[in-house]
Each structure stands twice: as C-alpha cells, then as structure tokens.
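Each of the next two complexes has chain A plus one other chain: chain B in the first, chain C in the second.
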Partner chain A sequence: MKALIIILLLVVSTAVKPQDKTFNFNSPQNIRKFADFLFCDKDYLRSAIEYQRIHGTPGDDTLRFKIALCFSRIKNYLDAIDNFSKVNQTSAYYNESTLEILKTNFLMDNYYGVRKYYLNEFVNINTKYRNEGKKLFNFSYLFTEDPLPEMNDFLIPFDENEQGQISSFYNWKKDPPYKSSLLAGIMSAVIPGSGKIYVGEVGDGIVAFLVTGVFAFLAYDNFQANHTTRAWIFTAAAALFYGGNVYGSVAAAQVHNVKIDFEYEENLKRYLEKHNYYTPNYGFCDEE
Partner chain B sequence: MLKTAYIIIFISLLVNSAFSQTDWVRWGKADYKYEKQNNFRHRNYGIESETVSGFISKVTANAYWFFISDLDGDNCPFRPSCSSFFVEASKETNIIQGTLMFFDRFTRDFNLYKRYEHYPRVKDGHYYDPVDMYKLEKDKIKYIPPGVIVSK
Partner chain C sequence: MKSSLIILFFLLFIDAFGQNSFDEQFRLAEELYQQENFFDAITEAKRLLFFDESGNYNYDAYNLIAQSYKQGAKFSDAIRYFTLAEINARNKDELCKARTDIIRVNILRRTTNRALKLLDSLQADKRFADKKDEITYWRGWAYIFADEWEKASLEFAKVDSAKELAVLTKQVDEELYSVTMAKTLSYIIPGAGQFYTGEYLSGLLSLGWNVLWGYITIKAIVDERIFDAVMVSNFLWLRFYRGNLQNAENFAKEKNLVISNKALHYLQNEFSGLKP
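After this line comes the complex of A and B, so read on.
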C-alpha cells in the first residue's frame, strides 16, 4: 500500500507542473540562455548559431563579440576576424575585440598580418590594451626571418618577471644552435660517423664508424691474402657505406636544424598559450 | 513488503520492454579477422618507371623482394621499408643520390639504440622515416616529433 502511495505521489508531482504549452523556447532571452549554456559547455559551433539567431537584439553589445569568440575557438579564424572587426565602437568589448584580432592573426600564423594590423589600426584605436598589443607585435618578430629590433626596445613592454624568458627566446632567435651541414660532412669524410655524432646522433655515428671500419678492414685483409674478388666486393661495400655516411651526416645536420626550429616555435607557442596571447579573462563562464 | 517488490519488478520490466532491442538492430555474428595485415606480400612488382634511375632501382628491389624479402618476412623496422626507400629515393632524385640515401638508411637500420626517441611511428608500430627528410632540400623537410603516430 505504501508503495502504491509513493508511486501515486510521484505521478502526481510530475503532473502538478507540466510543461507549459505557452512557454516560448524561441524568445530572445531563452535563446540567449541556451547559447550561453552551449558556450560554457564549449559547444562553440552551436553556440555561434544560437547567438546569430538573436543577433541584432537591441541593448546587447556582447553578442557579436561572443559570436567572434566562438568562431575563433573552433578555428574558423576568417569568420572570427570578420566578426571581431564588426564589433561596434560603443561596445564594452571594442578594445578586447581589437586585441583578439591580433591574437587570431597569431593563431593563423599570419605574423605579417599581426604587424600590419598593429601598426595601421591597433595603435590608433585601442586605448586599453596597448601594452598587450605591443607584446604580441614584438613576439611576431620571433616567428619570422625579419631582422629583430634592438634587445632593449624589444623587452620594454614585458614585465620584469617575464624578461628573463623573453630575452632567452630573443637570444635563441638571434643565434640559433644550428649545426653546420658542411662541417658534419667534412667530419664524416675524415672519421666516418663523427659528423653524425657532431649533430647529436651518437648511436648512428658509432654504428656508421663500425660498419665502415669492418668492411674496410675486410677489404684490406682480403687484399693482403690475395683474395682479390672478395677484396673488391668489400671495398665497394666500404665505399658505399662511407659515401652514404658522409651524405647522411649532411642530411642529419639539416634535419637537426629543422628540428631546432620546430622545437623553438613549439616553445614560443606554448608560452603564448600559457599567457592566453595576453588577452584578458572575460569571465563569461565560471571556469574560465 | 512483498507487494512493493512486485510493483518494483513490474515497473522495471515495463521500462525494459519499452526500450527493448528491436528486430532490425539484432546483434549478429561479427566477421572478425585476427590475421596480421601483411601488406608486404602484396607488393607491386611492376618495373614501369619514367626515369632510368627508377627502372634500375625497381629491378634491383624486385630481385631482393623475390629472392630474399618475401621469404624472410617483414623485418624492416622502418616505413617505407629500406628497399622501398631505395626505390622511392632513386625515383625522386637519381640513382647515385638514391644509393647514398639508401646506404645511410641501411646504417641507421643497424642502430638499435633508442630508436623510439628519434622517429615517429605509423599505426602498425613501424618507425616513420620518409625520403623527403634526406633529399637535402631543407624546405621539404617536415619534422614530426618522436612518439607521434602518423596516419600513413
């Protein structure tokens, strides 16, 4: 009996306040609530779609900015820049949107775009984040082959606690720890495998030395024993391993230099991501 | 007490039947194959090539595949395998450079020390070491860090 009463209560309680047929899911307020929920749930594509449904609602100057943020976060950078650049000057997020344009150019690896936008527009219109913009502007030089500004000028916008790290990036860019392909080749020509050791491939270098050495010894030994055919076969093998090692040392130096560039850029990007590309926390969601 | 239990059982049965498995999604026997994929046995033995270098290297590789590799098994730890690397390198450069690239690769093949720290891998576990890395064309080198799984 008790169980029946509990079931009855449950059924009644669900029927007390059923869904109101007059409830308007498509009112701007409810769409906004849903879009905000999707935004904080990191479902940026659907969030942008929902925001776009109500864009143009009077009295709301954050919609365009949030639409642009959504596009930026789903890596649709062109639409993001398009929307950031359309944020109204009267909007509370106008300065932020110009900073976000710099960030988006960075995310697109468009470093010349960063500089062009900074010099032509950002410095004239952004009054709030000039220092942050200048930081991004300076960082763009670390990603290109253009001549770097003077160290002192370069470090001006950065805080004291950042300057140590930034100057190490700067010094690396100025004098990257490349290995010379020519030197690697010459070293391996003199002592097989030494070029590989010079570029950091110690295991490959030792193996190259042993393989070339063993075949050279076998060739020498067979010539000494008058086994001419075998001697020439081993000579050919030694010559091919020797040539391959000289060639490989040159190639290994090139690969090493590309690896150095790759790791440098990864470190720079990781640093910028850690600092969120110097953009502020907007506080749209609790966990942000 | 007993009635309550009956009611709970009844409701749970009702719920189960409401969301029961339907006929058109009935589970069937899956067609599983536990054989290891041995792509190396399905090699292209064709000798068509646009260049003399490509032709010579392909004939050499075919002979190696036919007399040695197909009998010996898939033992090269790299992808492309050393023989395929030779063919590819000769086609993309010339027979002399291709041969030098092959002997460099062959030497690296002997080195068993910490290879996993040097090369990315393909899905089947082989080390990924493409020809483009060693053609001495810096712009064409696409560095992939070790540990990354390449979808090739």
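After this line comes the complex of A and C, so read on.
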C-alpha cells in the first residue's frame, strides 16, 4: 500500500509539473536572453526596451552598443547616436561605436555632421577603423555641393577593386549631365519643340513643332480668307500650344536634372548599403 | 498515518495543479490585451513563448499576439501569427478559428481575392461542414470590402442570422450609381451622365462646350474648309467630348464612394454584429 502511494505521489509530481512553476521571467539573465532573441528576430524596439531594463549590469559592455544598434535599425537615429556616444572607452565595441556614429549621420543625410565628427573626434579616438572612416568622410563630399578633393586624394582609402566605381561617382559629381532649362526655353521660343528635343524628348518635340506650326498656318489662312472667328480660335490655340511648349521645355529640363540627381543619389546609397556603410558584421545573430 | 498521507496527497495535488509562473505570464499578457496595451501584450506573450518549452501555450499566445497586431492594424504581422496559431491548433475548432481569423484580416486589408480563396478552401474541407453559415457570412463581408454590394447581399441572404446585413447591403446596392449608365448617357448626349449623377452645372457646361465646338466644326464643313473642320474637331471638340465622358465616369465613381463609405461608417460604428 505504502509503495503504491509513493509511486502515485511520484507520478503526480513529475507528470503534472513538467516545468518549474516558479520560473522567473524577469531575472536579468532571462531578460538578456529574451532581448537577444528579439534582436535576432529583428524586433528591435522591444529588444531595446528589454536591454534598457538590465542596462548597468556589471561586466556587460555590449548592452549600450546593442541598444544603440536597435535604435539605428528602427531609424530612431538621435537616440542611436546618443547611445553610441555613451559607449564606454573600455568597451570592446568602442571603435565600432564611433564608426556607427559616422554611419548614423549618413543615414540621417547629415553629411556635414559626418565630416565634423570625423575631423574633430573620429580621427583622434578610433584606432581600428580609420580607413573605413576616411571612406565615409570622402563619400560625404559626393552628396553635397562642396568642392571635391583632388581625385588622387579622394581615391586613397579605397581598394583597387572599388576605385573604378568610385571614380565614376567622382566624375559624375564633377561634371553631371545636366540640361540647361534656360537654353531649353530659348530654343523652344525660337523653334517650337527644339527645346524638348534638346532635353531628349524627341517625340514630344516633333509633335509640338507640327501642332504649333499647323495652328499658326490655319490662323493665318483664316485671316486671309476673312473667317475671323475661326482665325481667332486658331490663333488662340497656336498661342496656347506655343506658350505651353516653351514652359514645357523649361519644365522638362528641370525634371531631367532632378531625375539625374535622384538616380545619382540612389546609386550612391545603394552602393553604400551594399557595403553596409563600411561597418563590420558583428555576428550577434547567425544570419547576420 | 493513512489520513496524513491522504492530506499530503491532496495538498500536493492542489499545489501541482495550481497557477504556475507560466499561467501567470499568460494571464498578464491577456490583461494587457484587455487594457488595450497591445504593445506590451505582444511583448509578454512573446516572452512566454520564448521560455515555454512545453508548447502548452503556443496556440493561445500566438493567437493573442496576432489579435494584438490586428488591433494595431499591423495586418501582415497579424497574419503571420495567426498562421502560427493555426499550426499549433489543438483541435478542429481552434483550427477553424485561426483560419477564419486569417480570412478576417485579409478582408480588412482588402486582399479580397486571397480571402475568397481561403473561404473556398475552408468550404471544401469536410471537417468544417458545420461551419457553412459562418463561411458564407465572411464571404459576404469580403464582398462588402471589395465594394461588391450586390454579391454581398446575396451571400447574407443565405444566412438566417445575417438578415439585417442582407437588407443593408441590398439598400446600398440600389443607391449606387451605375458607372456604365453615366458614361453611356454622356456618349449619347454630352452632359447627360453628369445630370444623372446630380451634377447639373457640370452637365450644362459640358453640353455648352460640345455644342460650341460642334457648331464651329459644322460651320467649317459648310464653308468647305475641311482641314479646319478636322483640326477643330480633333483638337478641340474631341477633347471636350472625351473630357465629358471621363467627367461623367468620375462623378459616378465619386458618388458611389461616398455611398459606400457612409455604409461602412455605419457598419463600423452602429452595427452590433460580428465584424472582420
């Protein structure tokens, strides 16, 4: 009987309690594990909140860095910079933090901030990623209207296999294939449609030339034939097409230039993203 | 000795089945959900799932996360977690509920084709033969969000408990303007489509412009200036005629949008039945 009871007790206590019933979800260790999981699951906001709950744990110098990374990845750049700049000098991620500050300024399109931080702080404190920092510093000139450094100086930090692409970015920036909106307008004022052809819209240019010409001829012809009502209608139509064509040529040149700028910036950003803004892979998650 | 053993066994039994930390964690997530603190509800449910090795909470926690995402209009995330709930369903009812929830989110985010496809597959599954009315009900809602009020009305008419919706959707369908009718009227008499949609001034203007350019074209033909007639008709009359057709179509669509939105507003705020 006794043995039976003991067996019963044993069975109940093992079968009904498969998990520790007093599990502490909020111990610093478990918060850390959960935050790491969220980080790798790309749930960065929750991950940052969890890391912040245990920030200050002695002996752990990666928390501040990971918090900053989380903010950077959810595009909360100001908090990211704030946290990167608070990473302790003794931390294993100190050099990485300064490089990440440069990257974050880039992501914020704050190119003057990139240069200011690089010249005033980065070159003095970063011992590990000087070349990467210099690359970002040089890249910042490709995004602004400031005078470019000499080509040879500009290419120094880049590897040989990168220099071809960087040179083409540099040349493009130095001499962008813009079209003059003033010239386009004047051309269309002299010969309707020619401004459009100059901008590259050949089909539109030919149509504008023909339509304006035909309406002008019809206006003249109707005045000659004393059909004044129709003559004025055709005059108005010709004037409308003529004015529209001059305005359209100026606008087309402006649109062309904006498009050129947009594509150039997109290519630059895509290139930087491909190279992860020259920041290393930290290996916090398997798939990173 | 015997009685003390019984007491010990009883205490142990109660203790063993008592609330453990995992139950409490799930209850915390549920409470946060009830308080409409969906962000924290998701965090706590995810925490539970991360540490729970038994898998006992999988369905409920995934479902709670999905519902929270849905409440926050994060529909793609909601579908992801409803799918996980579906995978972890413990019985036919839970499976059906998870699938229905996925359909409801698809209805809400207006991926109607996907919703209808999922409804078809649910209907084809013999395990859910008793859910026929429910499936028809959600099909009706899918049509509402696809702006197909007539089809919605036909679906709701098949369900006894959805008579109110059948009447409402039928009423909306009858109120809607026919876009084809508006365009056809304007084809025949410029401006007539605008009149049909109640836009009288626009209709008169349209008619006036078309009469003017028509007159000038005909006058040119009478004067035997055919090229003039071609240019006026092509560049002026035809433009105004086409504009008149487009105008009539746009008015009909805009008016229909107002009617649909009014009905959806009513359904959202006044209708007390089950909604997506």
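Annotations for the structure displayed:
Following the convention adopted for this analysis, the second predicted complex is superposed on the first by the 269 of 288 C-alpha atoms of A that agree within 3 Å, B and C clash if a C-alpha of one lies under 4 Å from a C-alpha of the other, contacts with A are read in each partner's own complex, and residues count from 1 in each chain.
As a working rule, contacts are C-beta pairs under 8 Å (C-beta built on N, C-alpha and C of every residue); 3 or more make two chains touch, one makes a residue touch a chain.
Since we're looking at a predicted model, the values are computed, not measured.
Of the two partner chains, chain B is the only one that A:254 touches; chain C does not reach it. Of the two partner chains placed by superposition, A:89 touches none, neither chain B nor chain C.
In the superposition on chain A, A:281 makes contact with neither chain B nor chain C. For chain A, the partner touching the most residues, choosing from chain B and chain C, is C.
In the superposition on chain A, A:226 makes contact with neither chain B nor chain C.
When the two complexes are overlaid on their common chain A, residue A:204 makes contact with chain B while staying clear of chain C.
Once the two complexes are laid over each other on the shared chain, residue contacts for A:262 go to chain B alone; chain C is not touched. In the superposition on chain A, the residues of chain A contacted by chain B and by chain C overlap at 211.
Contact residues of chain A toward chain C in the complex are 5, 8-9, 12-13, 16-25, 30, 33-34, 37-38, 43, 46, 49-50, 211, 214-215, 218, 222, 225, 227, 229-230, 233-234, 237. The touching residues of chain A, when paired with chain B in their complex, are 1-4, 7, 201, 203-204, 206-208, 211, 240-241, 243-245, 247-248, 250-251, 254-255, 257-259, 261-262. Per the touch definition, chain B reaches chain A in the complex via residues 3-4, 7-8, 11, 97, 99-108, 110-111, 113-114, 118, 133-136, 138, 141, 143, 145. For chain C in complex with chain A, the touching residues are 5, 8-9, 12-13, 16-18, 20-22, 25, 42-43, 46-48, 50-54, 216, 219-220, 223, 225, 227-228, 231-232, 235-236.
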